[in-house]
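Dumping the structure here so I can ask a few things about it.
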């Protein structure tokens, strides 16, 4: 039985170094097996329940694919409107009922803390697929896995995080994880969307080398990896301000060409205008490979928490 | 081939004693196999279509789990908005089309009589998962199965049915079934929500021992099982009346402590305020086990009607 | 490897005669295996993604059934509201992400040309399940398959196409295919809903024998097959005109009795009033068999494009 057996995956920062290493190495092993055309049966006879109280096609399909690739089966609530929650049932009651059906639960919910609440209510392992302003640990894990695959190792890298660093739970979770691997962070965001001061302070306490900047081009030139995130229009009271600022974090080929040869471009997707589509053909454009990496990472988590890796 | 092979499951009161016994014993056998970790393959190569013209996450997931645990596969319409019915197709045409895809059909529909209508249109077995004000036979079956498991046997028991006994199709179906097992019934409901007179008369003709009462505490003291149902706000024209009455059917620990030691508390879920959450930790609180019992009961029905038990 | 391996199925008119023959013969073989009770495993370990950016229960369930009958698994987006597209993602980005999960993609989208767009974006095979006013090639293929099964062969047949021939992409695709088999076409539609002139011209250039007529009864008397389609109320500005015209294309038993003995009646479904329900019991009423034929045809396509037939 692995060290993660019967554990919940609620926050990426709660994983020990050993657990983190186990997730990454298990994902590598599963990905190798898939590439070799092996048929895996780790989850045969097991059922995953994907409960999406807030829609997220990408994350849901990725988890379902992971379960199916391991020989397991899936039951799903894709639409919050059709769920019992719409009838006023508490989250605890909903997941306790689903516990009677499934061997492992993946939950996405708009309320921060909801994944913890679900995990407290049931015995089966719960994996957090995003809890509002809270965490999205499997995204952070697949990001780290992607950097490791694209660059060989995380040691000694400089990674730029760009876009809305204030509201993006993805970049928060990722920043904590990267700090543990000794990665140097450059934070590039428009005025008003900077990384929250308490998170920056936290990261520095954890030994992070951080530099905040507003010059995207300089950051790109200094980086091995640029991690781009979306700036959402709805964050701005003044639409004109949005139009003025959004351009400041756009990555196009002119910018990529200023970077080191082979610089890696990442994005959690969906992508709007932050990365020009002409970048898609560039070999270091890793965002679709990054999305595909969600499958082996989630295979690893499903197998590890159910003791079937 | 069993006596239920190729039959439809439309109303619990249409099951003979022999059929009822077969469903319960088959469910017991399947539950034992699941607990022993056996992988079942009864439905391998078979497809279940779950057609939910009205959403019901709990019932849908329970049927899908049952099919998957038997090695079968599922196609599903979870959302009435995306169905052909939304384009004006008749129910008969919809199920005749699905008959070309699936080996067994589970249908939930807001109109009373719709399950019968579907069954009349097709050759494959149809299972009613709730037809409006009509029946919900698999709920009644899992309720009986739960009482049998929790109490050892149904013979000689006293069961209180509480809440909205006027509109609750679940308690109607259940009352008929319990009467056949010689169970003594106590009916506790707020004024205006009493069991319909024709059903009470029917039950008495069938030999039922029934007592209607408005004193919940006295009923609890006399009962082996208390079956609680929800009182829906929308049943009342006057909201103040709802607020005044809903408290009269609330089961909390103070009330449970007045009952016999080990008294069983049941609820079809979702639960609102009718049962205090502090009751959840009480060992006789059976409602989440009750929900889980839906899986073996539905496994039994799926296997029996397709001749694969 | 078959001649269709790794090809996209976007338009029925792009299939060569050899490819068309291969699809039909493979469907026949799969249907025979299903009827014999064989369990097929061609797609074992493979995942189909059904992406429905516009709902279509019938087509979606038919594809999912086809995949499951071949031993494969399915991930699905049934509801456009819950998809990433609702967040503004481009279709190309959506399918590129799904390519990281699935081995073959089926797409339904309201925009003409969208299936081609999806196919251009990914390496995995894409099957068009309807692209707005564009094509619906698998419907045309199952129609041809049905005629072949019902009549033994298509050679020398006379087929009436009735209803809205202006807007129906189904009849357009079908007309092109039937022309290649030397079928004689009678086109019967209310004034204003005639087959577009450029399509008729195209068909004639391809050697079609076509006659346009407004006398449904005469056409039925001359036909081996009558293919009925719906006249949608929303095509008319004047509701009174709709009421007046819709009756002109209704097929009832009185009309069927005027036809040749055993005349075949088809309809792509859903059916409204265009075919009286009293026709359902007539042995030549093939529309539900036609719907069921979607399964072997889609099994053939899934297996052929993934090289697993």
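Some observations on this one:
As written, the chain order gives the labels A, B and C, with residue 1 at the start of each chain.
What we mean here is this: a residue touches a chain if its C-beta (ideal position, glycine included) is under 8 Å from a C-beta of that chain, and two chains touch if they have at least 3 such contacts.
These numbers were taken from a predicted model, which means no experiment stands behind them.
The copies chain B and chain C differ by a rotation of 120 degrees on their C-alpha atoms, rounded to the nearest 5. Residue numbering at the chain A/chain C interface overlaps only partly, since under half of the positions present are found in both copies.
Our note on geometry: chain A versus chain C, Cα centroid distance of 40 Å, whole angstroms. Under the contact definition stated at the top, the residues of chain A that touch 2 or more other chains are 78-79. In the complex of the two chains, the chain B residues touching chain A come out as 39, 52, 55, 57-58, 61-62, 64-65, 68-69, 78-79, 269-272, 277, 288-289, 291-295.
Interface residues of chain B, counted against chain C in their complex, comprise 44-45, 47, 49, 73, 75, 77-79, 81-84, 86-90, 92-94, 96-102.
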